[in-house]
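All chains are identified by letter, namely A, B, C and D, in their written order; residue positions are counted from 1 within each chain.
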Amino acid sequence: MKEVRGVVRDNTRVAHDTFLLSLDCDLPVSRPGQFVMLQVACGYEPFLRRPFAILGNQARTLEILYKIKGHGTRLLAEKRTGDNVNVLGPLGKGFSVHDGEETIVYMAGGTGLPPILSLAENLRQGILILGVQSKDQIPLLSRISSLPGVELKLATIDGSCGRMGLATDVLDDVVCNVSGSVKIYACGPKGMLLATSECAKRIGAWCEVSLEEFMSCGFGVCTGCVVETTGGNRRVCREGPVFNAQEILF
Amino acid sequence: MKEVRGVVRDNTRVAHDTFLLSLDCDLPVSRPGQFVMLQVACGYEPFLRRPFAILGNQARTLEILYKIKGHGTRLLAEKRTGDNVNVLGPLGKGFSVHDGEETIVYMAGGTGLPPILSLAENLRQGILILGVQSKDQIPLLSRISSLPGVELKLATIDGSCGRMGLATDVLDDVVCNVSGSVKIYACGPKGMLLATSECAKRIGAWCEVSLEEFMSCGFGVCTGCVVETTGGNRRVCREGPVFNAQEILF
Amino acid sequence: MDTRVEIAKGVVLKNPVLSASGTFAYGEEFSEIFDLSLLGGIITKGLSLKPKKGNPCPRVFETTAGMINSIGLENIGVDAFVQEKLPFLGQFYTPVIVNFFGNEEEEYEQVAARLDVDGISALEMNVSCPNVKKGGIEFGKEPDILYSLVSRVRSITRKPLFVKLSPMVKDIREMALAAQEAGADALTCANTIPAMAIDETTWRPVLGNITGGLSGPAIKPVALKLVFDVYQCVNIPVIASGGIATYRDVIQFLLAGASAVEVGSASLRDPMCFISIIEGTAAYMKEHSIESVAELTGKLII
Amino acid sequence: MDTRVEIAKGVVLKNPVLSASGTFAYGEEFSEIFDLSLLGGIITKGLSLKPKKGNPCPRVFETTAGMINSIGLENIGVDAFVQEKLPFLGQFYTPVIVNFFGNEEEEYEQVAARLDVDGISALEMNVSCPNVKKGGIEFGKEPDILYSLVSRVRSITRKPLFVKLSPMVKDIREMALAAQEAGADALTCANTIPAMAIDETTWRPVLGNITGGLSGPAIKPVALKLVFDVYQCVNIPVIASGGIATYRDVIQFLLAGASAVEVGSASLRDPMCFISIIEGTAAYMKEHSIESVAELTGKLII
């Protein structure tokens, strides 16, 4: 964990309400699933930093893929090339390293895409299931679909692209068709994580989920972001955001 | 008094730390000495509006000449062409109409220039004494010095231009040399207003001063900006900012 | 959909949005920019028996998302109000609620007595004043002192009587109950929070009076809690005050237990905010098919 | 120029800037980004006799220029602290002040007794907890209850004892005097202000615990007034807490009467702010030729 200055190199809309931010920034080495806390305001509006998954962190370039949700992300979208953004990170524990024989299945929903994409870009194997509302909400489609070794499967609620329905519907199909054991990595809405975790349990797959909680500090000092696990309270920002799905008391 | 939307047409530096702001804005007719309250922030930083004298208000264009003092004026200086600035005004009472035979002397110091310049541009006669720290702090010099019917006399503390010393030093000279009676209009630091008022009293001249007080509302409802006068408390924003100098208990 | 609310017997507001005392003067200035008949009601600047000069300047200081004031209750006095200001306010189709205070119980009684005139819908007692006879402790700090004060004023006037509570107390519920038992018709919750500002460049307090009261969005979360606490222990209406600036704030305060709200500091920065708050509240009710304010008051889901 | 300050007998801070309790955990995380030996002192998360799970989530909500928390005092318990965390903190050249609390007087005594070990410079008692034996009223609300509690803890420990006062009381001076008389060595002024937040889209309280405590820049003007009031009535050092985020805030609180300050919420948003606050304070003192903190404490010009 370090506090470093980021300088906006690029901040471009890549889908409906979704932006890709590239910062020139000397962040220490990170792993997929870790995140940063960005200071989006100069003053106190908003008062706290905002958490974002690290999409890329190479060659002194930090990549963040974010969706406009409220005031903080709106301010972020107003940043122009050359503006400063203070960065605290890398934070949390990332996904566990994969070195087995299993088929990897990635599950991504909504703002859950960035950490999953980061992991898939790193592992370069497996099946990536992405669920969104509709086609125009898929960011970086060409980047995702051209990922070497990774097969992309889409699910849209409105059926505008890929299968009509939820990412978890696709998951059920996929796990039926895979021979051998499966390892699942998921990030997205709570409902999706719960369904994914239940599916994993059913088929006896190893499953890691990355959680989102409101974070005031992001580095473990306030215990504002705890989640109940089989081992008691755990700080999402410090012991997570990635957890073994079976430990979470959803 | 109306609340109107202003749209920045131009916002240019015209002297050290001093900017000229032109707003497209449908403000009701105003008179010299009146002012507006500008909403400089979208959120609550700062919370309150900021008061500025009306320099010009013609042809749907509101002109404000302002100096950077703190956070609010810094934000104002960041406004670009096309940005919105909410305007409340015109506020307060302006200078009294001049229709006598007296020689008019205008006294302006620091941020006190705008209302005085507005009055001089309106009356087109008299002697304008402007006191500043040094030459590079004089905004709109060509506009002021080419004012038809108005003679400009400068005083700089560092002697870089005009007479070295205070505006009130120049005033003492001027009133000695004027034949006939004198009418003085002044705006600037309290010390200058006090000295001007005493000079006026000595020579029996009518003297109006425009005061500055911290203003939270600017339209008379909070009584936060009162000044003690011979007639009791008066709200600077409502009964002022222009007062007969002899009524003020400095 | 009906935004009206009866805040005391016979006092019907056309919507739950009132001006707060001390940020609306006596209505004249605001009447220049919008029609005061649009308001749920008007609460005027606090009045004392004699005109009051108030505190030395500076009297106001801006803070992060708020402001501190130490106006010192400057006002024109009750008689001048009744003669010079009340007729003006009578032009508008909205209840006039008069805020008042005293330095001792007798002064409260005397002011209340003089306000027993036509054109005034209700009285709002400011009890955050030092009791000069009791060593300067605020009337609003001790339940028994408050009970005694409110009882005395209650017996003097037949107007609906609102008691505006002080926020900085041990337990606001005690105070609310004392005021209710003494006959208050509604409770305003709450006044400004004692505060101060210091200029580190001059080493002096910023305000001429050294200390003042904090208001504005900064204190909203505190006011919300006070309203929530008071609502649960009384059976008279609660009027919220503290940091209200948007219709969302109104809805939140209604859910916490308020029957109406007062807008103070926010209207200093943005006098037209009354209109957007009133319209926003009505639009919210419409959108959510809420038929009456009562369907919101205290309806927080816990 | 000397930024050191002796906050209690034998407890010398190298500068007047302390971490606040509950926003610094037990120091490990902050130690990853700066050398904790730079701090005036460390105040750790509040400890109870047994580990405590705290309140349901959400536990934190952001407000205008501040935040509300209802962590519910989650902590690892006094024994785990002494065994697992204290040795780590012992590496740094800065006093460790341990914050603690209880649900009844006995628990305070028991925790204090277990903290009578090497490596702890002083204890800070959080008295904003409900007294379960006395119907849940906070210890910090009544002078006699506070006096009794502090006296009992005082007789248990020889460590310097700081009492952290509740802000929401009738008159903080009564509480300050009670704590002083009972033997407190310093007073921390003050804890968070009771507050709440409501989501008007769900009609529910935002926090799992319904209510929480407000902190951050929004409350600074209130904390400044409390410190000012307390300083004038006691003769033990006052430690300020509430909204401190810059060195200018530090100077203002020192002028109001503080001998040291705690930085809480501001360090959640900006963990490195400790460094800029400490450096800024030293630079201010140097620039103004102030030889010692004592030349600032309480030196407000009135």
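In the analysis below, a contact is a pair of C-beta atoms (placed from the backbone, for glycine too) under 8 Å apart; a residue touches a chain by one contact, two chains touch by 3 or more.
Since we're looking at a predicted model, the values are computed, not measured.
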Note = For chain A and chain B, the touch-path distance in steps comes out at 1
Key: Chain separated most widely from chain C, comparing mean CA positions   = A
Inquiry  = Quick check: how many Å separate the C-alpha centres of chain B and chain C?
reply    = 36
Separation of mean Cα positions, chain C and chain A [Å, integer] = 48
Ask   = In chain B, which residues are in touch with two or more of the other chains?
value = 44-45
Multi-chain contact residues (two or more partners), chain C = 63-66, 217
Request  = Could you pull out which chain D residues touch chain C in their complex?
outcome  = 63-66, 68, 137, 141-142, 168-171, 193-198, 200, 202-205, 210-211, 214, 217-222, 224-225, 228, 243, 248, 251-252, 255-256, 284, 299-302
Key: Complex contacts: residues of chain B adjacent to chain C   = 1-3, 39, 44-49, 86, 88, 213-214, 216-217, 219-227, 232-233, 238
Message = Using the touch definition from the top, list the residues of chain A that touch chain B in their complex.
response = 43-45
Key: Residue ranges of chain D in contact with chain A within the complex   = 22-25, 28-30, 32-33, 53-54, 57-67, 69, 71, 74, 216-217, 265, 267-272
